[in-house]
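Think of it as A, B, C and D in the order they're written, each chain with its own count starting at 1.
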Amino acid sequence: MKTKKLTISLISVLLFSATGFAQIPILKDYNSPVPKVVTPARVTPDGGIPAPSDAISLFNGTDLSEWTGSKGAPEWAVHDGMFTTVEKTGDLNSKREFGDFQLHIEWMHPADITGEGQMRGNSGIFLHGLYEIQVLETFNNNNKTYVNGQAGAIYKQHSPLVNPLRPPGEWNSYDIIFSAPTFNADGTYRTNPRVTVLLNGILIQNNAVIYGATRTETVVEKTRGGLQLQDHGCKVSYRNIWVREL
Amino acid sequence: MKTKKLTISLISVLLFSATGFAQIPILKDYNSPVPKVVTPARVTPDGGIPAPSDAISLFNGTDLSEWTGSKGAPEWAVHDGMFTTVEKTGDLNSKREFGDFQLHIEWMHPADITGEGQMRGNSGIFLHGLYEIQVLETFNNNNKTYVNGQAGAIYKQHSPLVNPLRPPGEWNSYDIIFSAPTFNADGTYRTNPRVTVLLNGILIQNNAVIYGATRTETVVEKTRGGLQLQDHGCKVSYRNIWVREL
Amino acid sequence: MKTKKLTISLISVLLFSATGFAQIPILKDYNSPVPKVVTPARVTPDGGIPAPSDAISLFNGTDLSEWTGSKGAPEWAVHDGMFTTVEKTGDLNSKREFGDFQLHIEWMHPADITGEGQMRGNSGIFLHGLYEIQVLETFNNNNKTYVNGQAGAIYKQHSPLVNPLRPPGEWNSYDIIFSAPTFNADGTYRTNPRVTVLLNGILIQNNAVIYGATRTETVVEKTRGGLQLQDHGCKVSYRNIWVREL
Amino acid sequence: MKTKKLTISLISVLLFSATGFAQIPILKDYNSPVPKVVTPARVTPDGGIPAPSDAISLFNGTDLSEWTGSKGAPEWAVHDGMFTTVEKTGDLNSKREFGDFQLHIEWMHPADITGEGQMRGNSGIFLHGLYEIQVLETFNNNNKTYVNGQAGAIYKQHSPLVNPLRPPGEWNSYDIIFSAPTFNADGTYRTNPRVTVLLNGILIQNNAVIYGATRTETVVEKTRGGLQLQDHGCKVSYRNIWVREL
């Protein structure tokens, strides 16, 4: 059909005349190697680990004043010194932006969690709003899903080295050290973003090379950015979120 | 149904009991940014650049004794101090293996070359037999193809920074510095392979991170390997091939 | 004079025929920039953080069976679930060796500590027996000493990024991620050792390049090694020492 | 004298209360391992390698208009398509500055060169005006000097991997790939400068970590800088100097 051909033709032109979009490999899910389960010691006192004196706290236990919602004011539920996703109210974005940083953040799934695979407690922490450290209920590898989509993965890029998750109803903590990318003049990476992650005190990402943003196939030229907490339609709670810019 | 459940169950076991196959991102072709054309100076004297005193020469100008063919004895044509692909006779593999190395290699397309896109003078140099530095006739960007598939690309991973190719009938030279990967116990990369490439004396890959092997989606755990020259059914000639192991 | 010439000649021969000793820059003390004081939150429950399920514990709270002394059997004092230096009995060396690893280790100075500068609670943790992460009583920067010699320094190489120390009488904890060096054929570094350190949960070394061993000016060609705890004639206690080989 | 003492005292106070001066290890000379001598092939045609189409040429063969002298107008002697040091007229500094770059530069010592050690044909190329790639007449290791002070060394930091020098009276060529440092907020290196060097086509520095500037013990916080050619009171000639900013 003529119309169809023309459309395809136009798309081709668009594709081949593009100039500014350095691209990244396609991210895919895979199923091995399966991270070993590790049982961490009880690493945090009750109440978790609040901010040290030089950190910026992104949650004071009582309001979401450091955040905006992707659909307007943030509507997640603040209660008991934590806040919890409210389905379909959208992602939260931190008002502040950072370059290189150390991030501490704690998260918990409800003890009576249901769902399977990527619909079991799915959320995520997007560094610079771009690079997702996965949040999912995958305690003890019981919830079968692709290994680079389980908790602690740099989503679809790097599985966690091991799986030191706590069970639903208990708090998990991430300590994340993020090195921002640098860029060449043509928009490609001069140096890729890098990330080191400890989950419950156990190293799960070791200065890993991030190939690119989680939700786009083009390189995004940003040297500073905020945090985004994902509403994936699942229940998960957060507390003790603080950032030390490096 | 019982049968179905059993099948699913078996598949699960297969999927989740696999352990040895760390995987890499899917490589894809893309079309921007388009490398700028650069006209290099005449960098080599007639006859090209033979091996320095501490290099291993992989071609003495007269025979293919340093190579095996992927289908048996190497059948590429030696003539005039060079050797030229003979279609369908298969790839050439160096008998020797290397870890980190500096490689010099010169290649030329015939002046009367025909073909388009990936069928115009396609060949490639596979470092450690795994990671392809593309050989293609893309002088002056005249031959339209995806940018990470043109000459100087780490095939489908990184476009060349610029395009300093000479026209068909003239020799091109690669100077390649390769750093072998190191591996974690689970077979994932501890450090990715890295490569720096000069094409006709112009930097086209700057210590680029190689995401994985060109022809497989799993990480190949090799710290030493040979060179492979690809028979892609196109005519291309090589000469002055030498390696300095680092 | 003839004799003199001959001597010089011999010295020349000795100097220039040496082959095995790649050397490193001289390490020196310096006094700025002074790390900012940070007050960490209470990060550990009473008793500290014991080993996770996949770690090798190097101290079970009751004996020093995982250690040898530099002068024979280890003579440091085990008491109250910790062990404490006994002056002049020498360093402790772990029996086990590791390549890349995550190390957790807790240390405390006595509340009634005395001494100044490098004689105030000096000890150190030598990674691979070579690269010292400094232990010193420098709470609140009260104890004046060179900044790359205070607690958290890679001794005489890199000051800690900040100073999050607890006061004498309270436990400090190190979480250390060490990447072993790799070597060129001539004994020089192919890649330097690297280390990331958190002190009381605060990042103080960020994938820092280690220039070389602390106590020698030549590169030591080791890819695996043990831990060494230094007897520097000062009182300091250790507990909860565990290693996860990576 | 009283006044003098007071002055010194004040200087001390200033030195030790300074906060902005991150420091680097002391650089020293050493004598092993001795780089192997390599005889390179004849890599350049007569006249050397002029600039490719996208490079900035810093010498057109006829004048020094791209340079300033450290003592005023540049007084080095232009002749025969090259320029030659004129003793005691000072260093040359390029007018232009660069960030990351590829530099090509050719240099030659007179066939009748005299002098020994560091006084035999000494000059140097200071990248960003700070980091010296040594120029010295050390053909065949005949001129005895410390190994990290011979031609191709990152002065007092890294010896060349091998010694592929040509004899006095013949041109040498450097191809240098420089990655500028990045900095932490406190003025320390976030990432050190890095350099790869080919001398006469042979790899002599492989993405080497530069510890700091050659002539100062403090980190200099510069992300762009020019080139400096050193007048060390010795005779040496330069030609074909071009830079491609990356």
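We take it that contacts are C-beta pairs under 8 Å (C-beta built on N, C-alpha and C of every residue); 3 or more make two chains touch, one makes a residue touch a chain.
What you see is a predicted model, and the numbers here were worked out from it, not measured in a lab.
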item	value
Homomeric contact chain A-chain C: same or different residue positions, threshold half	same
Which listed pair, C-D, A-D or B-C, duplicates the contacts of A-B in over half of its pairs	C-D
Chain A-chain D separation of Cα centroids, rounded to whole Å	45
Centroid distance [mean C-alpha coordinates] between chain D and chain B, Å	34
Euclidean distance of C-alpha centroids - chain C vs chain D, Å	35
Per-residue overlap in chain D, given as positions that touch at least 2 other chains	100, 161, 184, 246
Overall pattern in which the protein chains touch one another (line/ring/star/complete/other)	complete
For the chain C and chain A complex, residues of the former touching the latter	36, 38-45, 49-54, 100, 102, 104, 161-162, 164, 175, 177, 179, 194, 196, 198, 201-203, 206-207, 244, 246
Residues of chain B defined as touching chain C within the complex	100, 179, 182, 184-185, 190-191, 245-246
Sites on chain B touched by chain A in the complex	12, 15-28, 30-34, 144, 157-159, 161, 184, 186-188, 192, 209, 211, 217
